[in-house]
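The two complexes that follow have subunit A in common; it is paired with subunit B in the first and with subunit C in the second.
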Partner chain A sequence: MNELVFFLNNVVIAGSVTGSIYAIGAVGVTLVFSIMRFAHFAHADIMTFGAFMVMLLATAFPTAGAAIGVPAALVLLPVAMALTAALAVGIDRAFYKPLRAHGVKPIVMVIASLGVTLMLQGLIRLFSGTGGQSLYVDDRKEIFRLTLPLEGVRVPVVITEPQLYLFVLTIACVVGLHLFLSRSRLGKAMRAMSDNPDLAQASGINTHTIVAVTWVIAGGLAAIAGTLLSLDVTFKPDLSFFLLLPIFAAAIVGGVGHPFGAIAGGFVVGFAETLAVFNWGVLLRPFRDSLPEWLAGAGNLAFVGTEYKIVVPFFILVAILVWRPTGIFKGKVI
Partner chain B sequence: MDKTRPDTVAAPRRFPLREVVLFAALLLAVLGVYAVMGAAYSTRMLVEAACYAILALGLTIQWGYAGQFNAGVMGFVALGGFCAMTFSVPVNEAFWGSELPGELGRVLLTMVAAALVVFGATRLDRLGVPKALRTLIAVVLAMVLYLVVINALRDVTDQIEARAGFIGGLGLPVGVGWIVGGALAGGVGYFIGRVCLGLRSDYLAIATLGIAEIIKAFLKNSDWLTRGTATVSPLPWPVPAPAEVGFTLARALYLSVTAVMIAVIFFLLTRAYYAPWGRMIRAIRDNEVSAAAMGKDINRRRLEIFVLGCILMGIGGAALASFNSLFDPQGYLPLNHTFLVLVMVILGGPGNNLGTLFGAVTVYIIWIMSGPIALYLMELAVTLGQASFGWEAPTNLDSRALQARVFVIGLLITLVLRFAPKGLLPEKVIHHG
Partner chain C sequence: MPILDARDVHGGYGGMNILNGVDMAIEADEVGVIVGPNGAGKSTMLKAIFGLLHVSQGEIRLRGEPIHNLSPHQLVQRGMGFVPQEHNVFPSLTVQENLEMGAFLKPANVGRMLGQVFAFFPPLKDKRRQPAGELSGGQRQMVAMGRALMAEPSLLLLDEPTAGLSPRYMNDIFARVREINAAGVGILMVEQNARQALAIADKGFVLAAGQNRFTDTGAALLADPDVAKSFLGG
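Let's turn to the complex of A and B:
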């Protein structure tokens, strides 16, 4: 049973954590794509920017959350979301809108977003230095150890406080996004524009507003994902390059343009990563006596070492592009 | 047919005023750097700029000639650097003297055999096995054999690391490493191209970005092959080393070697551009459908140009690694080796070789100089801040000022796209007839 708990800790919980973060990130990418038709490479850096804003605010007001017993970072998250959303809209006005007005090819927009990536990264590193910093400025990170009430189980199930917040916020985001897209006027207009921009414009939808709203949502979600990731581990300015590939893989697996597909894709990629680096030899250990020598003696049965984690999203990406370019939910082909 | 398209139609045989002015300005900038920073430093900068120019020429044929957006230049540069290292570093007797090479060879043979078995399993449907069953068999077989091979390989590589450090080099002349570096980068580019070139440009960018990271992760973590983070140095030079003839002269000699390489590549590329082959490539770029209708084999040509670009990147990367005299897999950064090259190409003018050379040197000077300038500005700000309201500055200004380069490169990309989308020296589109 200890091995099973080990599996629970290392695969189920870890997979859900990375999956949630990829899912929230991929929703932003997929929304931006469905409205503006280009792969937004700067998304991971907008996530970093959101986390950075939270860090600045938490350093400025370290006791903000003490009254209700949550970390300061979480209380200040809405402010950071607003700032990040404002940044996303500002970036669009300054860099993407003029190019869109010129009617450039989507790949040129991609290059522009690469430029934005570098600018954001440069600015964040300029102000924060290059080292990692914890977002828990004055608070203590609670770690819950749940011992299962079963005989012979010594290893507890470990879950940390930020991970619980992450699960709660992910569910809140998904429900909120669903209600927004299916019930509100703006959400319906967004879906209309994603299906057919010209028709949407002809039927009186203000496309400029929709674009701005998309950036606000994408920016806000990016801030949530970046902050929760940094809460779980640490804040690092060079977070973004490790996030970019899994997020795009998630968006494409789920079918580009499908927000809920992106969420599913995020969990697929997250679980695939943790399953691939998990040492399957651990699960064989209880049956050690009844197994043939060569199998029981095999030391490490992980598919890839943790240092090759980045291979996994890439492999998924290529596999899905080759066999099913529309993704599992029949999205658009970029 | 109206011919009044002043932005695209080049007037025949006009005086190349734009080129002359831009290159004169560049020459002034280089002389300025020489005056301020000294000859040894500036020559080093020029050699590095020359190596980058080879990379930029590689990217300009992919992006400029054929419209393929390769965001993984770094991976090919790293492969080139790896070959330059492996072929030129002295032979490691501790490894070759033991029985380890035999064991490594056996594992590699097992790997080939496993690959053949899996490949055979994917062809089982020809023997009448149902397709679903075939896929299942192939996947399960691939997973099991993969685990077997990877465990065997892990044993051998652990042995190598423990007893010999790493497998060492081959002690061959530097030029061999450069050529093989180009060949290896081209070979890897071939496989990537086979898989990814059918994708639309956004996907290609994402995929190549990922491949570059994977190549880097492999080189960084294969301690038995590259010593990983421990780095390998010194790498020999193809010309007399600085210890023999002094820094400036040695670097000048190296510069002349790279200059000859650039001249040859430039000449060949320009010939290719105006040849029927180049016309065909541009026709495919500008209108794939009509090129296909004329009977051109689009996928084949796209693959050709992708591989060609990768070869150049491998050669450039090999020259760069040899010049730094250090192979450090961790030192390959997307910023330094992908985006910098990208800016060089789009600033200079994609598809215009002369413009690409201009862009390479210009951007490299901006890149090198923006660190010191930012440091100067920051120190100025700190002095002012301390004088006026006692502001206490962070201590690690040096490392932070270096980050200003990241911002400058990003700003350059967006500015160029906005104000000079075709680059400073745009491709001259010739309209026949």
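Let's turn to the complex of A and C:
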């Protein structure tokens, strides 16, 4: 039983955490692609920027959440979301809009977004320093340990406070996004523009407004994902290096242009990562006596070492591009 | 005053002129039909009117106001609707969502106009929750026309509404065009099925090589032996 709890902690919970963050990031990538038809490489840095805004705000108002018993970072998250959304709209106005107006090829936009990546990362590094920092400025990170009421179970299920917030916010984002896209006038117009931009314009839909709305949503979601990741571990200016590949893999696995595909893809990639680094030897331990010597004696039976976790989304990406380039939900091909 | 008055329109793509001086005028209660051989500039003329093409010379007026080189978005606000020949629905949106997009600029009208469009095209009512991409060609054309009608246009531009449809659907679409016109919407359409189209036309415009060859009432064009010989296949 202890081994199963170990599995629960290291795969189910860890996979859901990673999956949620990738999912929220990938939704932004897929929305930007479906409206503007280019792969936005700077998206992971917009996530980092959101977390950085939270860090600045939490440093400035460390007791913002004390009254209601939540960390300052969480109370200040909506402000950071607004600032990040404004940044995303600003970046579009300054760099992407002039290129779009010239009718450049998508690859030019992709390269421009690579430039934005370097710029944003340099800017964040300039102000935050290069080291890792906790977003828990003045609060204490709660860790909940639940020992299952079963005989012989000594290992507790461990879940941290930011992980709980992450799960709640992920569900809220998914439900909110679904309602927005299926019920609201702007959400339907976004889907319409993703289907057929010329006809959207001929219907009187102001495509500039839709582009701005897309950046607001992508930026706001990026801030949530970046902040919750930084709350769970620590804030680092180069977080994006570890996010970029997985969120693109997630968006492509789900089928580019499908927001809910991106969410599914996020969880596929997240769970694949945690399953790959999980030490399967742990689950064999109870059967140690009946196993052959070479198997029972092996110390670590993970597919890849934790330090090579990043290769997993890379493999998924290659595999999906080879066998099913449109992804699970038949999206567009980048 | 004509609802649409286009004079000496020149225009084309990337420096190459396709329209070399087209004149076209229709009254608010008329059906105008543009016919002519392939490459005559029929669809190009519709696109020029709807602001999808740069007009280099000449002028286009809507109810007396110059509109050439306004954006499609501004023209929809001024009461113009356009149904392209291809890619004229949002395939992943449901039929009803497609129609709602047509009324994007007039959200208060959605309920009332949905009722009217469903009355014009009864088959759409049963299919309103189905993605438009799953419909047959004729039903898609109904969705496309319905979407344009949702904005309550005073002038509707149709680019080959019967292209690729079976004769049954073709006659149905022509009948709908007449009904829409009877409800007070001016119509200007490009058609390959020249005889049937001219039969319901108040005004006909025969284009060739980007210029007017014949301009008259639909009935007069049908009766003209020169038109019949050159453009209607004898």
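Points worth noting:
The definition used in the following text is that the second predicted complex is superposed on the first by the 334 of 334 C-alpha atoms of A that agree within 3 Å, B and C clash if a C-alpha of one lies under 4 Å from a C-alpha of the other, contacts with A are read in each partner's own complex, and residues count from 1 in each chain.
FYI, a residue touches a chain if its C-beta (ideal position, glycine included) is under 8 Å from a C-beta of that chain, and two chains touch if they have at least 3 such contacts.
On a predicted model such as this, the values are computed, not experimentally measured, just so you know.
After overlaying the two complexes on the shared chain, residue contacts for A:A82 are found with neither subunit B nor subunit C. Of the two partner chains, subunit B is the only one that A:F241 touches; subunit C does not reach it. Within the superposed three-chain model, A:V322 lies in touch with subunit B and out of touch with subunit C [touch as defined at top]. Once chain A of one complex is fitted onto chain A of the other, the partner contacts of A:L114 are limited to subunit B, with no touch recorded for subunit C. By the touch criterion stated above, A:R191 is placed in contact with subunit C alone, subunit B being left untouched. In the superposed pair of complexes, A:V311 makes contact with subunit B only, with no contact to subunit C.
Of the two partner chains placed by the overlay, only subunit B lies in contact with A:L126; subunit C stays clear of it. Judged by the document's definition of touching, no subunit A residue lies at the interface with subunit B and also at the interface with subunit C. For subunit A in complex with subunit C, the residues that touch the partner chain are 185, 188-189, 191-192, 194-196, 198-207. Those residues of subunit B lying in contact with subunit A across their complex are 67, 69, 71, 143, 146-147, 151, 154, 195-196, 199-203, 205-207, 209-211, 213-214, 217-218, 220-221, 334-335, 339, 342, 346, 394, 396, 399-400, 403-414, 417-418, 421. Here subunit A touches subunit B in the complex through residues 38-39, 41, 95, 98-99, 102, 104-108, 110-112, 114-123, 125-126, 129-130, 241, 244-245, 248, 252, 298-301, 303, 305, 307-308, 310-311, 313-314, 317-318, 321-322, 325, 333-334, going by the rule given at the top.
Interface residues of subunit C facing subunit A in the complex, by the touch rule stated above, are 50, 52, 71-73, 76-77, 82, 84, 87-93, 97-98, 100-102, 104-105, 107, 147, 151.
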